[in-house]
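Could you have a look at this structure, given as structure tokens, before my questions?
Naming follows writing order (A, B, C and D), and every chain is counted from residue 1.
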Amino acid sequence: MKEKIQELNARNERHVHQLSHLGEELEVKGVNVDRIIKDLSDFQVAVPSWALGAGGTRFGRFRIGGEPSNLEEKIHDVGIINDLTGTADAISLHIPWDIPDDPSATKQQAESLGLKFDAVNSNTFQDQPNQAHSYKFGSLCNENKSVRDQAIEHNSEVIDIGNALGSKAITVWLADGSSFPGQANFRRTLGHTADSLAQIYQRMPDDWSMFIEYKPYEPNFYHTVIQDWGTSFLLANETGDRAYTLVDLGHHLPNTNIENIVSTLIYQGKLGGFHFNDSKYGDDDLTVGSIKPYQLFLIFNELIYGMNNNVADNPALAWMIDASHNLKDPIEDLMQSLDAILVARAKALLIDQEKLKVAQLNQDVVECQQILQDAYRTDVRPLVAESRIKVGAALDPIHAYRSLEIRNNLIAKRGMDSSASGL
Amino acid sequence: MKEKIQELNARNERHVHQLSHLGEELEVKGVNVDRIIKDLSDFQVAVPSWALGAGGTRFGRFRIGGEPSNLEEKIHDVGIINDLTGTADAISLHIPWDIPDDPSATKQQAESLGLKFDAVNSNTFQDQPNQAHSYKFGSLCNENKSVRDQAIEHNSEVIDIGNALGSKAITVWLADGSSFPGQANFRRTLGHTADSLAQIYQRMPDDWSMFIEYKPYEPNFYHTVIQDWGTSFLLANETGDRAYTLVDLGHHLPNTNIENIVSTLIYQGKLGGFHFNDSKYGDDDLTVGSIKPYQLFLIFNELIYGMNNNVADNPALAWMIDASHNLKDPIEDLMQSLDAILVARAKALLIDQEKLKVAQLNQDVVECQQILQDAYRTDVRPLVAESRIKVGAALDPIHAYRSLEIRNNLIAKRGMDSSASGL
Amino acid sequence: MKEKIQELNARNERHVHQLSHLGEELEVKGVNVDRIIKDLSDFQVAVPSWALGAGGTRFGRFRIGGEPSNLEEKIHDVGIINDLTGTADAISLHIPWDIPDDPSATKQQAESLGLKFDAVNSNTFQDQPNQAHSYKFGSLCNENKSVRDQAIEHNSEVIDIGNALGSKAITVWLADGSSFPGQANFRRTLGHTADSLAQIYQRMPDDWSMFIEYKPYEPNFYHTVIQDWGTSFLLANETGDRAYTLVDLGHHLPNTNIENIVSTLIYQGKLGGFHFNDSKYGDDDLTVGSIKPYQLFLIFNELIYGMNNNVADNPALAWMIDASHNLKDPIEDLMQSLDAILVARAKALLIDQEKLKVAQLNQDVVECQQILQDAYRTDVRPLVAESRIKVGAALDPIHAYRSLEIRNNLIAKRGMDSSASGL
Amino acid sequence: MKEKIQELNARNERHVHQLSHLGEELEVKGVNVDRIIKDLSDFQVAVPSWALGAGGTRFGRFRIGGEPSNLEEKIHDVGIINDLTGTADAISLHIPWDIPDDPSATKQQAESLGLKFDAVNSNTFQDQPNQAHSYKFGSLCNENKSVRDQAIEHNSEVIDIGNALGSKAITVWLADGSSFPGQANFRRTLGHTADSLAQIYQRMPDDWSMFIEYKPYEPNFYHTVIQDWGTSFLLANETGDRAYTLVDLGHHLPNTNIENIVSTLIYQGKLGGFHFNDSKYGDDDLTVGSIKPYQLFLIFNELIYGMNNNVADNPALAWMIDASHNLKDPIEDLMQSLDAILVARAKALLIDQEKLKVAQLNQDVVECQQILQDAYRTDVRPLVAESRIKVGAALDPIHAYRSLEIRNNLIAKRGMDSSASGL
């Protein structure tokens, strides 16, 4: 594939011209263009193993053809994405949907495609066949100790699997909560959750981190135990030094200023990971940048500023796309997301932080806005394309994917009715 | 069962005492207690055929035992609910989940249980096996005429089935819309939808009504063709005199004043039906009255006032519970909903409309609030219980259901793993 | 006035009858009625000094007649409210709107009316005439040290005034934030705020507490420095043992589960105070209980449960009404709020906590809901009325206020055009 | 001033270079660049007379220096904006804040500055000194006929003033509604409003239009008579052919799909006008494009598509900026808004509608998104700048405004404490 990509990239006079023009423009402003391109080439986002098949809603699911039906095929598809974009060098495993039969073979397959294993994800929001206890009324928060123990044990196994694959972190997302007032005792469920997390933490290797996700609602519709960043932060502080908060863009109430949350968490040294997607209403899990691209830019501004001024010693952040592909070919959708992430990052890198600081200190609100908008309104696509070309990926990944008829090939191989495990 | 219910009702000294006390209190205020009890006894709400099994979310579904696995069993369960509550004398069929093999036998079964068939519901939001065209990109709104024709044909069949059962209305809920900016042309999709509805309208018998539902989002996450009451109202006006808007409590954006919408629709003669449920975040489909009971009371105030002053000639409203039973026994959940509906209705009936009008004309805001709160704070449960006793239903339906061990009997008969069609 | 109230209370046969009936009913359930009445009689809520005049919006303000135009008159009006309700034995001072010329005289006036001084409130969201530096771009968060110092100094003066009056706490509500992306550096503004709060904390007497309020937006429309409970909690932890979070019901994003926040803060020993009001959209500052009375009940459930199980040693909570009286007579509005608070508290006190715990441990969701609704649906007004009668306040405060023509008397004394300082 | 602007524009080598590069790029794609520049030059937005001074919130207002203190000065400031931007050739008058003493002189002053008078705005949300009846409880909806008559009379006077100045439309925004359940009878208030609007409509000259604004809340916090587009649309239909709905971007509930509303209104021939601003939470009245620039682009897409396919015969739309300038110099703020409007419009004009239609008909969701994002990600600033240069306005209006020290001159002339009428 790499060769075919090179062939497609070869016809790129227009890109060369655009890049040259943009380079001139940016240099006038004092921007180090090469550094930005390098930054974009280096930036990597993990793809979760459940993202390669068609997603659905409670109202149904519409298949696409050629879905991967096992872990090997999923890894293969991530490899395609990484070849085309150069931005997806890691896979984030979901257990028990994707348990490797032979971890070392799995690891080898991934390595052969240039892929690593990022944070592993446990699942205690669904019951599995032959499971002793149900998670219907919660897992780590459950009033019943046997259920909690089962969930802790599951997380422990997830850590073991991840360890065998080279992962260094576990992400805990809990659906735990209640759908009716009175159903749960808030304090006891929070207390149980804290205890359970502490036990899972004990099971982690010393160089592992734990990422604690929060979400205000769904699938529980009255109360979620870890409903907001404040609760996750509190739990991370109680759990240990290597426990961090994970921010998922779609897990906020309407109108939340997410960038402010990101800034605060970095300031406190407690931001561990980030799940990308986009949404208009709730946890819609849409393609990154498809609804609120300016918000994404503002968040990247905080991420870049924060990590460049990382006095509180946050770890390198774990980035992942967490979207649901209900209507689009998942591979195309993921590539649109990766592209939107680089576009937002590139624009945020263009913000003149020195000038901004001066304007802020002068309380020149108009100028502050001008500085942000100057960066945002710049057409950075030549930088993004160049960052891909530089590492042998496709100038235009969607175009390459379609030219190479990859989906058709997958359908030919896997059929129209294959089905990926996941939501 | 009726006899067992009578036995349980027999031990009701406390109820008699409570009713007598409340009756005295209300008579002092000039309330005609008997008329209220009669109104509550007469009030009937339909139960949809998909509501008798465990509901779920996109994250999973947890079975309860003894779920009905065919239409006959579903009707049987509605019969139980109606026996216990006296408030559920109708079933609302969902096609194709619940197609009767032999409509006349089905009708007979229902009649033997004292049940009628209320509005029928079509389904063009899911694909069925062997369906020629997919609804992935919409049904009545689809850019492809073949898809629209298939969806119109389906609605036509639903009407035929309903007709055979004695239904007099079809409810059209469309998932149609788009998840990404640009995906759909708003105007064309709306135009197609109007055309399709007009064709379905033509297929209806002369004494039938059409109810057009609206919803802002889910399962589409950017745009819904019929996103709000205004769009439904516009379509109902275009479609015909017997086309009406249907309000589902959970289908509104955050903070919407729903009671104002109800009032406007009745004022315009275009309110046709009502779906009860409750929600905190979105279309959560929780038990009626479990989250915002005061809002429910305010809505009932508009419904009662509106229909008592029905100058615009709205039809008798079609009432239905549209909830999802993810955590509770569906029969218990539905009975809690029916109870909450009667409680809200009883309180709304207590509002002293004459006094309220005077206070409104005097712009005495404090007094207006006192009048509403006086009605709302009254404990109307004795009236609700009496309205059930009067028609041979249970004083306390949940208690009776548990005493009679009905769920255990259903499990014994149907097993733990039976599964109802539906979401 | 006390005598006139007794005269009005004398004609209360109906109340006696209602109370007796309710008492019987509750005793059957094992409720200690006298203890509940005692609890309600003891429960006290502070009235802020800015609440006695007409409030407004940015679009305008409509005067009522007889508004108090100085602190003495404001205290007088709180005295009326306390006489009538028996629930408002404290006043919460806002500086600089209500600086006492002679603190000891002010204290004496208050004592003569049976009033104390609750938490004092500083104001750094408005500029005062002749102020050296403007708060246009923030106060405690300002990039300019001179502005911060001025704001710290102001808070220090507020503490001194409060100290002279017997207050034991200062409430800090900050409008600080920004209205445009880029305007403020989130981290620096948060850092400055933490430093400023630490300095104010140093100026407090040893037996004082600091309450840190949060709010997501308004008057800044992009970012608020203390945007949520998580940020306030973080600051309270950094500031000191006697720094606490203050929850204002109206200061949350749409659909927030506030009762969960209350529970978490008590669990962590960091809930300090509570501002009552109600809202449908934003910080609407409506009469308590006028929009979401069930939510208020659920919050009281957490408050009561939390303080009865106060393992984390929260201080006695500071309760205050923080509403805006745009359309109603403020005195009547405040009395409706106080009444709604007692109604909610009484209902929450009726929750059978033991039974609820059993149902929760059994994961009997239906029963949990039944228990809460049983308490909520009870008509507790006889208990509330009795709690007032017991302490010599009015059985029906609004009725007494109108019978005694108090507003007319105030207008006669103060005229139609008097104006209270405040918003 | 025109000359000074030309001088500043003269040094524009970089612009020429950028424009030339962009022109080449766009021509490759088949874009008619000149036509777009012409469209942008022609596009005009009205500035309201209340927008030239500092705005405020209910918590206060911070003055800027040199605010205009009478209508003449306001018109003068609009002239400055129009000179600098070439996009603001009209002023929208607010009565009674800005009643011209001598309409013909006012008209002459405006004409001399190249300004027209756009839609006039009535104000029945505030009481004016010596007004016979108060609008505290509503104006056109008031239960009291005398109040309604007064409000109708006021609107009639506004029409007369507008007529004398050459306006051709009146915008009616009503604060009418209620803040508490029960306060208002929804149906009666809506009925009164319909009657009142009909009477105002009768007073309009035959070539005038009426624009009916809607808003969900604020300053009333429970119910607004015209709460949404559906209600406005219904009223516009009842009122007459020349009555239209006016959309204000900030007047929607959280997450509303506004572009869908715009599309529907144009489809129905009932969109009359548009108020630009931006918001994150409610009616925040922030600078256009400062929070959700992508939404603005999507709305412009509907506006352009709709008016290019105007089968339902909508009138030429009345465009106005309706923002509040709490923190920025109003002139700079308005110029940032005008710039953001042109940027959004230019990007929307770049959408390849033919290609988009093909992709939509093919249900190629990925391609649809690519087409929109291709247009949106283009840096259109050279086109916008050129459209200004072409008409003699400033290449960079903010820069020109600051270079020419216009604010300082205004302060020198008007002082620091001048104050504009308005909110």
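The rule is short, and it goes like this: a residue touches a chain if its C-beta (ideal position, glycine included) is under 8 Å from a C-beta of that chain, and two chains touch if they have at least 3 such contacts.
Since we're looking at a predicted model, the values are computed, not measured.
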| item | value |
| --- | --- |
| Turn needed to bring chain A onto chain D - CA fit, degrees, nearest 5 | 180 |
| Pair with more cross-chain C-beta pairs in contact, given B-C and C-D | C-D |
| Between chain C and chain D, centroid-to-centroid distance (C-alpha), Å | 40 |
| Where chain C touches two or more other chains at once, by residue number | 136-137, 179-181, 183, 216-217, 222, 254-255, 257, 280-281, 287, 290-291, 294, 327, 365, 369 |
| Residues of chain C that touch chain D when the two form their complex | 56-60, 62, 125-127, 134, 136-137, 175, 179-181, 183, 216-219, 221-222, 254, 279-282, 284-287, 290-291, 326-327, 423 |
| Chain B residues within the chain D interface of the complex | 136-137, 143-144, 178-188, 190-191, 216-217, 222-224, 227-231, 233-234, 253-257, 259-260, 263-264, 266-268, 294, 298, 302, 305-306, 309, 356-357, 359-361, 363, 365, 368-369, 371-372 |
| Residues of chain C that touch chain B when the two form their complex | 14, 18, 21, 25, 28, 254-255, 257, 280-281, 287, 289-294, 327-329, 332-333, 336, 340, 343, 365-366, 369-370, 373, 376-381, 398 |
